[in-house]
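One structure is given below, encoded as structure tokens.
Note that the chains are named A, B, C and D in the order they appear, and that numbering of residues resets to 1 at the start of each chain.
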């Protein structure tokens, strides 16, 4: 087999082993690669940082374990930022699993800031219906009459004087789903509430047009976004430590794509030289 | 204690899932079925809580009108009967109809008018030119009914008609957009594995220093 | 009859929602709100339908001892067990939480992390420059992949800037075209559903 | 303001739909440009026939939605071509509802070509759990010459298209799920992008309601392109930079 064919036919197993090794080394021995803090994450941080203490933020939790590698570090970093700024937080599970992640915040982060359930933060129940549930939020108390455990929300201190989404200072979805787009469709045009969309990396291309049109104010994207937010908000978490591994993984893929294409290029040249015509 | 057992167990479960890479077999099957079972349980529980809090309790307080969605909801289960199956069409049509109505009210302003408006930009910088021409040509790529009579047919075949140029420009813009999407999808997928390795090498066997 | 009534129900309920949006009228507003909240209730009923399907399938598998019936037992134990705990004691109960944290979360996240392996080997095989289109695709993918992480700026200082420009301008332009086209498609589809022209979801004949 | 615009938009849209439907019901032909991927379908089936291989049509488990309906229209076309060339066609479905409909679609196609005797219901498969592994098994067992992937794909697109390309089959794919398009474009010979699969379905089925809504969408697209370009030109002319260039205050 000529060399240009060989570099096009590395076995799957070899690639997978290389991937695990490329990840494991920097996880055990951090390499200290630079982290470029994007303007988007900075803008998201600044927007939340500028909210006056006591304002209510609405965090929509649109992820499940499939994508929590990216979203959970974001949610922790952002929740810590909320709580260090004394913002009141409404957690709303857009996805079924969301409630369990909010429960984890209740068990871990909230205690560090002396946050009291019902007064400083609350967890709403999951609502079936997806897009229609968010459309229904325009009539807040029709959609929500209880919290996640079925207790009436009317008497909770956090809801005193709260009329509905018009009293929310910012909507901050953390998501691997489409909920940011639904807030853009149903809430933003009515109340002009600023939306900061946080979530998995593939979300960014989809919401890019809405960011450019300012319907979404800013974004925190992927594991790198989580790491940047951890640094900006000075709350060290798991994302920063993972970024070196991430870098190595990207390098590996770029290298593989390059090998495949170099091989293909020389294969075609050799075929041309040998006078073989390829028809596909 | 329960947490300690849990952490050890989850490490083994993750490895059990990874047996799929070598040979999808029994071990993977067992683990996957446990997960599917939990997911279904979760759906039932949350569905029930929704029904209890949004329908049954208010009904008990005298909001009789809520009988309508309750009956519609129950009719969904008619599909499990051969004879009554057609009754499930009623709630299906209701679900689809309301969703369609809701979509119409949301999409036109937020996704059409505002987006078109945001693409009206003074063509005095490279970014704006790329943005306007890129968006317009992507839309042109998706035009399927040619305007007017087929006068430009000859030019079209040579690939020089304005429509073909627009449509090729659109294709190029989209390929660049898909390429960048791909880059971001790679970033996302790789991080899933990084997180699992962080767990396996960290809390599980403590190789990663705290 | 069996088709007309459902289509009529779909049309009326959808039309109320649309009318509520365009016309400021108190009665319409109340009914519109009602219809939307009813849909959320019906959707909650729908959540159980899939699970019942699942139970049926796996009971059948066990009864006939089909291939993999032993795994079906595990599925049903996990399904019934957690349903009982979740309904009786709530999802904040320690046993349910334990199940989420140490069974469901690790398995689900590990399954999705298999994609990391697959995307690596598949990118190697699939991303070949065949024509100008795949060239554009590959080059932008490489720039964005490198620009998103620290290693990009180590290789060349300009890479993060290029990557940012591609995302902010070129990607936005392409995706905006798709978003606008998608909005038109969504309205068209919704209208067809409302007017009963799209009835495949009613099942059977088209 | 926006709401009035939206109402006007809706009115024009409905009118255009109605216009298109009445035109088609009167039998007036409305020209729809052919989607390049569609021509590739016939070529792919022809190649598969020459090589004595089967064609495989995959409808994923992503959703029983408009994309799936477009996929059925395309499946009808593929099945007719296969019946005509007398090439075996294997259909894989990820959803039970889709399975029932594809059986009907394929049977009808064979009937239309007068080849009902050649229709084999055993070649229509429904794979529930383990969709991916099931399809990969088919790639290994059967000799596939033409591979078609249409519908609402999620992560499975990556593995299926990559494995399909290694069988040496000509691959034609289409989805409106933008997050999956990069993989399909990279791994397939022809890819129908987004709206193209709906248009292809309309082109093949010539369904009045669909043509009507296609016309409405076309008007929407022409209008938005026009507004974008004219608006931008106006803003350029009135921008301070251009005005000062022209020597006006």
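By our rule, a contact is a pair of C-beta atoms (placed from the backbone, for glycine too) under 8 Å apart; a residue touches a chain by one contact, two chains touch by 3 or more.
Remember, predicted model here, so these are calculated numbers, not experimental data.
A.B. asks: Quick check: which two chains are joined by the most contacting C-beta pairs?
C.D. replies: B-C
A.B. asks: Taking each chain's centre as the average of its Cα atoms, which chain lies closest to the overall Cα centroid?
C.D. replies: Centre-most chain by C-alpha means: B.
A.B. asks: Could you tell me which chain lies farthest from chain A when each chain's centre is the average position of its Cα atoms?
C.D. replies: The most distant chain relative to chain A turns out to be D.
A.B. asks: What is the distance, in whole Å, between the centres of chain A and chain B, each centre taken as the mean of its C-alpha atoms?
C.D. replies: 15
A.B. asks: Averaging only over C-alpha atoms, locate the centres of chain B and chain D and give their separation in whole Å.
C.D. replies: Result: the chain centres lie 18 Å from each other.
A.B. asks: Please tell me the distance, in whole Å, between the geometric centres of chain B and chain C computed from their C-alpha atoms.
C.D. replies: Roughly 3 Å, centre to centre.
A.B. asks: Identify all positions of chain D at which a residue touches two or more other chains, and write them in rising order.
C.D. replies: Expected reply: 2-3, 6, 10, 178-179, 182-183, 185-186, 194-195, 214, 220-221, 224.
A.B. asks: For chain C, what residues touch not just one other chain but two or more?
C.D. replies: Answer for chain C, listing residues that touch two or more other chains: 21, 36-37, 39-41, 43-44, 46-47, 91, 100, 104-106, 108-109, 111-113, 115-117, 119-121, 123, 125, 127-128, 133-134, 137-138, 141-142, 145, 148-149, 167-168, 171-172, 175-176, 178-182, 184, 187, 189, 191, 201, 203.
A.B. asks: Please set out, as single numbers or ranges, the residues of chain B touching at least two other chains.
C.D. replies: Each of 21, 32, 36, 42-43, 46-47, 50, 54, 98-99, 102-105, 107-109, 111-112, 114-119, 131-132, 135-136, 139, 141-142, 174-175, 177-182, 184-187, 190, 192-196 in chain B touches at least two other chains.
A.B. asks: Considering only which chains touch which, how would you classify the arrangement: line, ring, star, complete or other?
C.D. replies: complete
A.B. asks: Under the stated contact criterion, what part of chain C meets chain D in this complex?
C.D. replies: The touching residues are 21-22, 57, 115, 118-119, 121-122, 125-128, 133-134, 137-138, 141, 175, 178, 180-182, 184-185, 187-189, 191-192, 195, 197-198, 200-201, 203-206.
A.B. asks: Provide the residue numbers of chain D that touch chain A in the complex, in ascending order.
C.D. replies: It comes out as residues 2, 178-179, 189.
A.B. asks: Show which residues of chain A lie in contact with chain C when the two form their complex.
C.D. replies: Touching chain C from chain A are residues 10, 12, 15-16, 19, 33-36, 38-39, 64-69, 97, 99-100, 103, 127-130, 132-133, 135-136, 139, 142-143, 148-150, 201, 204-206, 208-212, 222, 224, 243-244, 246-254, 256-257, 259-261, 264-265.
A.B. asks: Okay, in this complex, where on chain B does chain A touch?
C.D. replies: Touching chain A: residues 21, 42-43, 46-47, 49-50, 52-54, 58, 98-99, 102-103, 105-107, 109-111, 114-115, 117-118, 131, 177, 180-181, 184-188, 190-198, 201, 207-208 of chain B.
A.B. asks: Mind listing the chain D positions that touch chain B in their complex?
C.D. replies: Those residues of chain D that touch chain B are 2-3, 5-6, 9-10, 30-33, 35, 129-130, 133, 178-179, 181-183, 185-186, 193-196, 199, 203, 214-215, 218, 220-222, 224-225, 227-229, 231-236, 238-239, 241-242.
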